[in-house]
Structure formats: structure tokens, C-alpha cells
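One structure is given here, and the rest of the page talks about it.
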Amino acid sequence: MLSSDTRGVFAIAPTPFLPDGSLDAASVDRMTDFYWEAGSDGLTILGIMGEAQKLEPEESLQIVRQVIARAGSRPIIVGVSAPGFAAMRRLAGEAMAAGAAAVMIAPPSSMRTDDQIVGYYAQAIAQIGTDIPFVLQDHPQATLVQMTPGVIKRIINDSPSCVMLKHEDWPGLDKISALRDWERDGSLRHVSILCGNGALFLELEMQRGADGAMTGYAFPEMLRDVVDMSLAGDIDAAQDLFDAHLPLLRYEQQPVIGLSVRKYILARRGAIANDTLRTPGPKLSAATKADVERLLARLARTDRRAAF
Amino acid sequence: MLSSDTRGVFAIAPTPFLPDGSLDAASVDRMTDFYWEAGSDGLTILGIMGEAQKLEPEESLQIVRQVIARAGSRPIIVGVSAPGFAAMRRLAGEAMAAGAAAVMIAPPSSMRTDDQIVGYYAQAIAQIGTDIPFVLQDHPQATLVQMTPGVIKRIINDSPSCVMLKHEDWPGLDKISALRDWERDGSLRHVSILCGNGALFLELEMQRGADGAMTGYAFPEMLRDVVDMSLAGDIDAAQDLFDAHLPLLRYEQQPVIGLSVRKYILARRGAIANDTLRTPGPKLSAATKADVERLLARLARTDRRAAF
Amino acid sequence: MLSSDTRGVFAIAPTPFLPDGSLDAASVDRMTDFYWEAGSDGLTILGIMGEAQKLEPEESLQIVRQVIARAGSRPIIVGVSAPGFAAMRRLAGEAMAAGAAAVMIAPPSSMRTDDQIVGYYAQAIAQIGTDIPFVLQDHPQATLVQMTPGVIKRIINDSPSCVMLKHEDWPGLDKISALRDWERDGSLRHVSILCGNGALFLELEMQRGADGAMTGYAFPEMLRDVVDMSLAGDIDAAQDLFDAHLPLLRYEQQPVIGLSVRKYILARRGAIANDTLRTPGPKLSAATKADVERLLARLARTDRRAAF
Amino acid sequence: MLSSDTRGVFAIAPTPFLPDGSLDAASVDRMTDFYWEAGSDGLTILGIMGEAQKLEPEESLQIVRQVIARAGSRPIIVGVSAPGFAAMRRLAGEAMAAGAAAVMIAPPSSMRTDDQIVGYYAQAIAQIGTDIPFVLQDHPQATLVQMTPGVIKRIINDSPSCVMLKHEDWPGLDKISALRDWERDGSLRHVSILCGNGALFLELEMQRGADGAMTGYAFPEMLRDVVDMSLAGDIDAAQDLFDAHLPLLRYEQQPVIGLSVRKYILARRGAIANDTLRTPGPKLSAATKADVERLLARLARTDRRAAF
């Protein structure tokens, strides 16, 4: 089970599909292995970038079981956000029964006021049970829900089963600092903070007190090294490596087409067989693929792991 | 199967739950009978007001089968809107196999431009098959998607399987007029137009050329009479009856708590056993219930069907 | 100066234009007189329904001065919401110098969290000065800003110069009850509550403890009578009159075209010379005008003030 | 006057304020000179990043006149977007009378459908006059308005006075390609395309056929060089320079605090005296300033223009 002291890299895994849009079970195993080889400590599945909202419930469960079986003792976090609590409760229960380390919950976009957000998490925890560790996902660009540091504090202090914040507010650096300041003055219980938002500010988030990365950038090796170097205090080495990846990373972090770019690179790396997204979803133009190839080739001059 | 010449009243049915939030199968039968007795020609199930997004897929299918079995030869329309086409295709296929008359599709809120909306319907039809008649739902207050009359025209003319428009834009009266004008000048194929938006403008929509109502107001008897009187040209009688219901109807058509009010009245009328909404959902305050009771009592002075 | 004990009717006045879009100064006087004759206690000018955002600053000031001069001792509230505090501070100062009774402030749509909203009002008050009484406008349908009762409480208790809430949340009845409950238990300072949202729930809002109406419905006479009868405890008489107006009121309260409908009726009543809106703005179709005329004729059977 | 063949760099200029929030006229001159020395061909003033919405009309006009006077023969584009056409028409007329080269217009956020957007520009042009050259601003992240390439095509082909597209859609590379393809097949009149969005994809936009940059990154020297090298075909040199700036550029391009970062750097460079934003606006934390200083120091190792 996931603890509030977790550090390191949890890759956000996509869901691999065959060209006809059906689940690609063979690629699920291959992809899981890929992430361990690339230095990931754990995986997060069925998030927004996992196209969870396009999956049937039995498909979701199939992926959960297969990834956990393949992962052995490695921790797997399962996204269980859903419009209704019935689906959330069921998937959370099934995921934990299958051996998941924790679940992850983002609020629905209709939540606006502080009380609505805090109340939603109280209801969600009552539904799934207080014995399931959960990750609080703060991702306003996707959810439209704005959580102040104070709201996050209320949820963490109210909920012993909250063990981690997935931080992807933007701008968000001062939010990490505010939470860590409250931990230092004793007003906030410590939880792990892993950073998302495509890793666009990862090297700086580590300096503000983050514990690692939880995002799907197609080179988890970079996330691994930047997190390790940052935790070891090698700030400039972390920044140098990060900077080398930034032109490509920025390209992958685009709205709308970002996941297509990510799957394209993962397929080029052999982590999955196809770069297919389930419809409705965008397709990459030839010019976009050429952009990616060029940025990859340039990256490979500095980081040989991008050469293939 | 639903045709483009359909007229009359299709009640939007809620989904009945027991106080613990589980499906109330007994109430599904009772409610179905209620709607026939109240003058509904058909039913629409699994819409937004049916809390479809809070149901598990097998629950959805259970409701579809039970309602259709109970309905006999009456037409049932099944809402199949979903974030992914996999779920939409599956539910549409299962619903039609179970005997549904048509499916209803609203666009996802990310659709913005004319081409995105038209393209979305083309993709959806390709997924479910061109042999399934469908209802185009135009409900910008809920979906945030703005369809011009021109966009609706493109979808109808491009899609022979589009047989009906569920009209609930607001303001929307001139939109009906624009579509009917195009039918008259031959540039638009005729489809049925049934009106939603809680019936807040029903009597005027009928005068603009609508064919009836598709909404869930807790007195389908009024919808029935207003539609019949309007089609028969008894404009003032229709308006008199409509006006008598308007204070209550307005109360039921409120955002956020409207469905709770509706279920409260339906439970008071004996159409369903409980007024429970699945969480997350609002609860009515005592003061709100007192408002409803008072408005019901006043309505009963004019329309005896509100006396109980 | 406006006090927290204010009761009655403040009409939201439109801004009259000539057909070419220029200010119609003659109609400003005529309209001001009309509102007194129709039973309004005061006026609110330069609100959203006053097309304030389409006015030049000197035009705004001209209207403020002319209305106040014409109003004599009657209280005038001036909307001063603006994207920047420079414009707000200037207009507030000029309005008060000209003899306004108070200013009204709505938050900008970028405010999301409780702290942002409370902080915005603190900043605004610091800018305009604590000696200017202000009306807190809570209108989420227009501003997209959701204020909980708790946020309103914080603002009122923090700000002695807050003398009134313009209440137009929807649903909003329980919000009035919550605020009045807090006043009774001593945790909230008393302020006046006047209700907007086109008066769609006015008769019920009065029963929850509102002090009156602040909205622009084209028959202020009805607002006057409903407020008086409600304050006198004649609940059923108030409801009867309200119900007679509801079919027309609902028509006027539509999004997008509502202000055009309102100006059309005001022009028909002779309160202003033309129903012109400044561009960009919608125009009424012939069918829409016919709807309004028919609803007016029906209303006139019950309320002779609608006969003309 | 601006022509549709314009190429190069137009810096988006901020508005300089004194610490008390009043206009800093001395800095207006200093800043204008700075942009010429940094390689800018022209300036765009009173845009979103110029805090235009916080200025009084006479302040706007004062800035327009002062910048144009200081600019000599250099072209100045003036943002004239406004909630009402009265203010737009007046500012456009005054700006052109003062010697502006063109005006820039973004649509209001209420525009949703293709016809609404096209209609809005037709109305705007009718208001300001067809003899004023204008820049079409396509910036959905700020305006929420989504324009397809087809909508842009309609506006350009309908409006001879449209001479430039300010391109800042995201993702937006394929949009440039689509427009240039239409120019090649003769279905679209040629206009200049300058790119904004903080220059986050500038080097790739140039390869898709853009004519230059229109954005406010605090090192216009980089924009100048990347545009020149790209137009000269030195793709790799352009990319190398761009990559060196990307870590800082990304930091400056953040939502909410981006303009504060930009003004901080411009003040550090001596282009303006203070980094003040008018309230309401964010303030930079000490940690944020330390981030910026560190990124500047790292950049200076590669680009000496960042050393100071």
C-alpha cells in the first residue's frame, strides 16, 4: 500500500490499443516492463491520459489486473474518478482487491466553492471506505476545479487515508512551498507530493520540496535522473538534463494532441505496438510527426537514450 | 422504430432508487405505468435527468430491458451519450436489440466549432451504425455546445438516420421557426421536433411548429393537453392550462435542485416509491418541500390532477 | 446614503439609446419619472442590464448625473464593476460626489476560490474607500463566480460598508434562509437583501426573508405590490398577482434576448422612446414581438396596467 | 500602414506603472527605445499583456500618442478589443489619427459558433470603417473562442482590411500549415502571420510558414535572431538559440504570473523602471524571483545578452 513517505517516479501509463481500437493486451505487458527498465518505481493507470473515460468497466478491470500481475511487487495506483460514486466505489474495491497500492481521485468539474470540494472528498471517502489510501489529484487545467492550498490542507488533515498529492496546478510552484511551510510549522500532516503537468516544471518543483514525478513523458529515464539528482542536491546536473529534454517535452505537453505525440514516441521506442487513440481523438499530421522526429534526433545528440 | 413524423409527448423518465441508492426495480414498473396513465406516448430513459452518468453499464441495460418489457408496443428512446464511442456503441446496440425505438445523442462539452460538432455526429453515426434512428439533442445549458440552425441542418441533411430534434436551446423559439422555414423552402428534410428545457416555453414552441414535448415535468397530463390543444389550434385553452402550471413548473425547472423537486413530486404522486437521488446529489430542505407543497395546493384549485 | 435596513423596490434601469446608438438623454428623464410613477423606491443604474460595458466613461458619468438630478431625494445605486480598479475607483468617487446613495460591485469571472472572492472585495473596498456604502452582487449566472453563504458572511462581517446583498443566485432560496438564520443566531450582521434574477422567484424570496426586489422587470408595479403584500403577510394575494405576470416575466427573463424584450415593453409603455440596444446586441424577430404582444394582451385581462 | 506582406518582430509591449499604480510616462519612452535596440521592427500596445482592460480611456490614448511619437517611422499596432463597439470605434479612430499602423481585434468570449465569430468581425469592421487595417487575433486560451481555419479563411476573404493574423492557438502548428496550403491553392488571400503564445513554439511556427513573432518575451533579441535565421533557412542555428532560451521562456509563459515575471525581467534589464502591475494582479514571491535569477544566470552562459 502506498504511504505518505513515497518518493520517486510513477509513470502515468497510457492504454495501448490495436489499430481497430480494441485493447492491446500484449502491449500492456510490454509497456509495463518498459517502464521498469526506464526507471519508474511504480505506475499510475486509468488516468485522463490513460483514456479511462473511453473504456468499458470490464476493460478497465482487465487492465488493472494485467498490469498488477505483471508488476509483481511494484506499486500500481489506479485512477477511479467517475461522474457517479457507484462506479468509483466499485472500481476502487476491485482495484484494491486485485492488489493496487492506492487509488487516485480528481473532483468533477462542477465543484466550485471550497466547501463543495472538501465535501466532495468527504463523500468520496465515505463511499470507497477509509481504509483505501488515495491520491488527491489537483489538476485545474483538466478539471476546471481550483483548490487553494487551504482546501488541500483541509482535505489532508480531515482524511487520514490521503497519502499523496498529485500536483499539477499551473502556476504551482508556490503551492508546493506553501504546503511544505505548513508541514514545517506543524499545521499540516506530511503527505507525498508527486508532480504532473507533463513535467514542464519538474526540476523547479523538486527544489520546492516535491518528492518526485507522476507524469507520462515518453522518456521516464529523464524523470528518474532529474528526481534522483535533485534529491541528491545536484541541481545543475538535473537542470542540464532537463533542459536537453525540454524542447521535446514541451511538444508532448501540448493540449489536445499531446497524448497522440506521447503514444507516437512510445510506439517508436517499442514500448507499445501502435500509437492508436480510441475515437473520438486527434490524429497526427505528417508535419507533426516530422517535428517529433527532428526533436528526437536533436535530443539524441545529448541523451543517447533518444537514439533509435 | 421512431420516425421523423412522430408527434406527441415523450416523458423524460427519472431513474428510481431505493433510499440506500440501489436501483428500485419495483418502481421502474410502477413509473412506466404511471406515464401511460398520465398521457405519455413514449418514454426517454437514461438522459441527464435520468442520472445516467451515475449508473453502471449493467444497471443501464437492466433499466432499458425492464422499461421496454413493461412498455409493450410503446416507443422507448434510450440516451446513449458517453465520453467514449465504445460505451455508446455498446449501449446503442444493446438497447436496439432489446427493442428500443431510437437512441438519443448529445455532443460532449469539448465540441466548440461548427465542424467539430458536425464531425462528432458523423463519427458517432459511423460507430453505432446508420440503421439506428437517433434523436439529436440540442441542450447548450447542459452541454455548453452551441449549435446554430445551420449546424443542425447540416447534421440532419447528412444523416438519414436522424429522425428527431430534441430542442432545448434557450432562447430557442426562433430556432424552431428557422428550421421550419427551411423545411418549407425545401432546403431541409423534415424531422420531428420535441421540446425539452423543462417545458418552460412549451406553449409557445408549439406555435412555432414543434411536434410535442420531451421533458420530465412531473405532470405529464399538462404536457399532453397543451400539445393536443395546440395541435388542434386551441391556443388560448393551451395557454390557460400552461399558465396554471407555470409557478410549479418554474420551481421544478431550477438548476441543481430541479431533479430533486421532480422526484419529490413524483413520489408524492405515487409514481415512484422514493425521491432518492444517487450521490453526489442535492437534498431538499424542509423549506423547499414546503414551497412545493404550497405550489401544489394552489395548482390543485385549477387542475384537480394536482390534488392528492 | 443607503442603509442596511433598506426595504422596497429598486428598479434596474436600462440605458436608453436613440436608433443610431447614441445616448437618448430625453428618455433618461422620462424613464426616471416612469419608475417613480410605477412605484419604485430607488433605481440601480449601470448594471449588466444597463449595458454598462458598452458605455464610454463620460457617458456613464453623464447618466449618473442626469438620473440623480432628476431623482431628487430618491436613492440611486450605481454599478461600478470593472476589469480594473482604476476605473472602479474613479466611477465610484464620481458617482458619490454626484449624489449616489451607494455603489454595486460584482466580482470578475476569474475569481474561483473562496479566498480569491473575499480577497477581491477587500481590495475593492481598499480602492474605493471604506466610507462608500456598497451592494454585494451575487449573480453566478452572469459572473460565473459561486459564492457560498459562508463567503458572503465573511465579506459582510469583514466590511462595515457592505449594506446590501443583491441576491440572484439560482437556485437561491435556501441561501436567503441560511443568511437570515445566521443573523438570528448573532453570527452575521444584518444587511438588506434585495432580489434580482428577473424576479423569477420573487414571491418565494420574500417569504424567505428578503427585503424587496432589485430587478428590471418592465412592470415595476407588480414588484411593488408583491413586495408590499408579502411584507404585510398577504401571501396569497402576492402569489396571485405574481402568477398573473409570470408568463410574461418568464419571457423577459430569457438569456441573450431578455433585455431586448424588456426594452421593447418599456418603449411600448412610453418609458423610453426606442427599444434600441447598442451593438453588439440581438434584435427581436417579428415572431418574438408577436409573442410579447399576445402575452401582454393576456396579462391585461387580469392587470389593467398592462393594457395600452 | 501595416501591409499583408509584413515580416519580422513586433514586440507586445507591457504598460509601465509607478509603484503607486499610476502611469510611468518616463518608462514609456525608455521602453520604446529598448525595443528598437533589441531588434524589434514594430510594437503592439494595449493588448491583454498590456493590461489594457485596467486603463482609463484617456490613459490608453496617452500611451498610444507617446509611443507613436517616440517610435518615429516604426509601425505601432494598437489593441482595440472592447466589450462594446462604441469604445472600440473611438479608440481605433483616435489611434489611427495619432499615426498607428493598424489595430488589433480579438473576439469577446461569448462568441461560440462559426457564424457568431464571422458576424462579429463583420460588425466590428462596419463600426471602425473598412479603411483601417486590422490584425485578427486568434488566442483561444485567453478568449475561449475557437476559430477553425475555415472561419479565419472566411474573415480574411470577406475583409480586405484584414492584413495580419496574430496566431496563438495551441496546438496551432497545423493551423498555419492549413492556411498556407489554401494560399498556395488560391482559395485564400495572403496575409501576414505573426506568432504569439509567448513564443513557446516560435521556431517550429517559422518552419510552417509564419512571417515572424508578435509576443512579449523579455528578450526580443532572441525572437529577432530566430525569425531571421529561420527566414534565411538556418534551421538548426535558430533551434539552438531557441533551446537556450526555452527554460526561461517557459517560466515567463506561465498563466496568471507570466506578466509579472516578464515585467520583473524587463525591469532588471532597465527597459522599465518598476515591475509593478496594476491591481488586481499577482505579486511574485521571493522564491519565484530566485527561480528567475537562476534561469537568467544559466541563460547568460550561452547568450551574453542575458548577463547583467
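Lettered A, B, C and D in written order, each chain numbered from 1.
Following the convention adopted for this analysis, a contact is a pair of C-beta atoms (placed from the backbone, for glycine too) under 8 Å apart; a residue touches a chain by one contact, two chains touch by 3 or more.
None of these values were measured; they are calculated from a predicted model.
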Copy pair chain A, chain C: interface residue numbering same or different (half cut): same
Farthest-lying chain, centroid of Cα atoms versus that of chain C: A
Averaged-CA centre spacing for the pair chain C and chain B, given as whole angstrom: 34
Separation of chain A from chain C, taking each centre as the mean of its C-alpha atoms, in whole Å: 47
Chain A and chain B, separation of their C-alpha mean positions in angstrom: 38
Residues on chain C engaged by chain A in the complex (per definition of touch): 112-116, 146-148, 150-151
Chain C residues within the chain D interface of the complex: 21, 51, 53-57, 59, 83-87, 90, 108, 120, 123, 127, 278-280
Residues of chain C defined as touching chain B within the complex: 170-171, 173-174, 177, 200-201, 204, 208, 239, 242-243, 246-247, 250-251, 254-257, 285, 287-288, 291, 298
